[in-house]
Amino acid sequence: MTGVVFVTSLLLALGAYGALTRRNAVAVVISLEIMMNAANLNLVAFSRLHTPELMTGQVFALLAIAVGACEAAVGLALILAVYRRYGTTDLDRINLLRG
Amino acid sequence: MSIPAPADILFWFFAAAAVGGAAYAVTSAHLIRSILAFGAFLTAVAGEYYLLAAEFVALVQIFVYVGGVLVLMLFALMLSTPGESQPSSLGRWSPAVGVTAVGVGAAIMIAAWHTPLPVVKEPAAGRLDHLGQALLGDHVVVFELVGVLLFAAVVTALVAVRGERR
Amino acid sequence: MSALFTFLWGFAMGVILLSLVGGFTAGFILVERKVSARMQMRIGPVHTGPHGLLQTVADMIKLMMKEDVRPARADRVAFNLGPLLTAVPAVMSFVVLPLGAGVVARDLNVGVLYFLAVPSISVVGLVMAGWASYDNYSFLGGLRAAAQFISYEIPRTLSVVGVVVVAGTLSTVRIMEVQTIPYAVLLPVGFVVYLITSVAELNRGPFDIPEAESEIVAGFHTEYSGLRWSLFFMAEYGGMFAASAFATVLFLGGGAGPLLPGFAWFWLKTLALVFVLMWVRWTLPRFRADQLMALAWKGLLPAALINLGLAFVVLFLVR
Amino acid sequence: MVVGDVIFLLGFGMAVVILPVATLGVLGWFRPQLPERVKGEGYESGMPQASIPRRPFHMAYYNFALIFVVFDVEAVLLFAVAGVLRDLTLGATVKTAVFVILVGDGLLYAWRKGALVWR
């Protein structure tokens, strides 16, 4: 079981690294989804530890997948909107807040 | 040294595939290949779910992520910059970020190593039925809230993508 | 050691079913050419072998020995992966498909969802193939194919949900067993929606906008040749058989029927559905892109939701 | 049982991947391979390629993909509950129907806003 936590923390670290270093917005969304999946894997794994018959972990994994899909849909929609406005998906060049 | 159980071998097989896919996805300069590696990662995670007796979640993962979100990403990429490959910005801060990310991961690993975890229980029989009953019983509010969330996602994303059209 | 045995068993089943799909592809292509010829008052292939029966065999040998052309500017990895990503999921879906009563590679307890989820991977292959070819027709064809595939995926899935609601199980084998009245009778709307969407998902006429010869040459497989090209055909014809067999399982009561043994009934129903799919292809004119989308989202999706409501009512009546 | 399923699927998948790849590889020795400059060009009905196929595309594709993902999630969650409705009370069916209607509103919204028109 420690193995699961080992793997998921590694995946989480990878996702965090990607989310912070990638410049392309789509790649950032990929990194975020990797982190989300790592958390999800933990949910499913820990569901086996305590009360497998209640399925709580799996129910929440399902809901997290639903949330992740919505996040991707909205996030990518925003990226496309930004692309249409500024003609780039490079996050370093999008400096909305700097005016 | 005894022969490891098939479940363990499979676990580490999928784990290696997931980590490899994720590593390639976050570092590759080639965005389409990055998305493909992300697909491999998702499939490997689905394999892990299946192994952990969550076959339903595994197939949802394939159906929603590989068949849905991945296609969405491909579309988003092709609608914006289909041919471009952008290197990850290996600027000044990149090593620092890497160290921080690895540090956080290592901290969780060390914490996990020192936490006594209970023994894994056998998967419940008839778990598919339990899953459905839980969604309609204890967790029905969350279930309906996901319905609201999905509706909100359609509205938000459509507004964002269509912009102000007079 | 039983784990190793299961693995080898799976491998063997993979080899068997892959050959089966190859055989179906060869056979159905010949039948389709004959059927289409009759419908257009032609006679179809007659020169190779008796009545042209060896035509597909000759074609296969030709395809195998043909030069494998890859456009110079194509993306190598994606170009090679595209056909595989399309064909492999189509064959993988045969795992849960009962080919007659009790004849199934593996009865998964989530079989129905498996059958719908795994082939949905192939849409990634279509986009990949189209993008990697570095060709305008391919790129457009790949995107069109993907847009069509995902649009028809939703009504298709929802029409199957109706069956699961009434049957109360996700196992393909169990659904055949509990089906006393064919669900096509109880859920006629669902059956029709399922058939139409299956045709559309296979990019077959009248939904063949993604590979419309008169507009975009051959769509996403314009640049493919030889064996790689035939992998796309394996996906199409294998998928055609799988969709028909799945419809037999879900809606037509599987092997149920008088007089003949269950096995015979199952294959009879499935092959009849395959014939219907060919018939439709060679009879109806092609949809326009906007009509295609309107049909999926404004016609079939509401119909599938109505079917779901119908399933709730049937469930109430059954209880 | 679950582990058995995974092992089986893995074996099956390997066979299905390895066989075509091996066939492609083996036939590679027999096939002619005569690359030419013209052969390597993208097919555009005999003309030189007029434009590079790496341009941004039409937004309509994304509209549909996005509604698709949302309904994909809905359909898949329905599978989770569909199997048990038979054994539960009428109330459970009503709850499911409420869920379907909640998401169905999204379709109505998209329809009203004209997002379902291909252009």
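Letters A, B, C and D mark the chains in the order given here, with residues in each chain numbered from 1 onward.
Going forward, contacts are C-beta pairs under 8 Å (C-beta built on N, C-alpha and C of every residue); 3 or more make two chains touch, one makes a residue touch a chain.
These figures come from a predicted structure and were not determined experimentally.
S.K.: Hey, which pair has more contacts between C-betas, A-B or B-D?
M.R.: Here the pair linked by more C-beta pairs in contact is A-B.
S.K.: Select the chain at the greatest separation from subunit A, using centres from the mean of Cα atoms.
M.R.: So the farthest one, by centre of C-alpha atoms, is C.
S.K.: Taking each chain's centre as the mean position of its Cα atoms, how many Å separate subunit A from subunit B?
M.R.: The mean C-alpha positions of subunit A and subunit B differ by 7 Å.
S.K.: Between subunit B and subunit D, what distance separates the C-alpha centroids? Give it in angstrom.
M.R.: The mean C-alpha positions of subunit B and subunit D differ by 17 Å.
S.K.: What's the distance between the Cα centroids of subunit B and subunit C, rounded to whole Å?
M.R.: 28
S.K.: When the C-alpha atoms of subunit A and subunit D are each averaged to a single point, how far apart are the two points in Å?
M.R.: Roughly 20 Å, centre to centre.
S.K.: Going through subunit D residue by residue, note those that touch at least 2 other chains and give them in order.
M.R.: Residue numbers touching two or more other chains: 3, 5, 7, 9-10, 52, 54, 56-57, 59, 61-62, 65-70, 72-73, 76-77, 79-80, 82-85, 87, 96, 100, 107, 110.
S.K.: Which residues of subunit A are in contact with two or more other chains?
M.R.: If we look for residues of subunit A contacting two or more partner chains, we find 62, 65-66, 69-70, 72-73, 76-77, 80, 83-84.
S.K.: So which bits of subunit C are touching at least two other chains?
M.R.: Within subunit C, residues 3, 108, 113, 139, 143, 146, 150, 153, 170 contact more than one other chain.
S.K.: Once you draw an edge for every pair of touching chains, what topology comes out, line, ring, star, complete or other?
M.R.: Here the contact pattern is something else, fitting no line, ring, star or complete shape.
S.K.: Inside the complex, what are the residues of subunit D that reach subunit A?
M.R.: Checking each residue of subunit D against subunit A gives 56, 59, 62, 66, 69-70, 72-73, 77, 80.
S.K.: State the interface residues of subunit C toward subunit D in the complex, per the touch definition above.
M.R.: Going through subunit C, the ones touching subunit D are 3, 6-15, 17-18, 64-73, 84, 87-88, 91-92, 95, 105-106, 108, 112-113, 133-139, 143, 146-147, 150-151, 153-154, 157-158, 161, 164-170, 217, 222-223, 226-228, 231, 289-290, 292-294, 297-298, 301-302, 305, 308-309, 312, 315-316, 318-319.
S.K.: Okay, in this complex, where on subunit A does subunit D touch?
M.R.: 62, 65-66, 69-70, 72-73, 76-77, 80, 83-84
S.K.: Flag every residue of subunit B that touches subunit C in the complex, lowest number first.
M.R.: Where subunit B meets subunit C, its residues are 6, 32-33, 36, 39, 55-56, 59-60, 62-63, 66-68, 70-71, 74-75, 78, 82, 128.
S.K.: Taking the complex as given, what residues does subunit B use to touch subunit D?
M.R.: Answer in residue numbers: 6-7, 10, 47, 50-51, 53, 55-56, 60, 63-64, 67-69, 71-72, 75-76, 78-83, 123, 128-129, 131-133, 135-136, 140, 143-144, 146-148, 150-151, 153-155, 157-158, 161-162.
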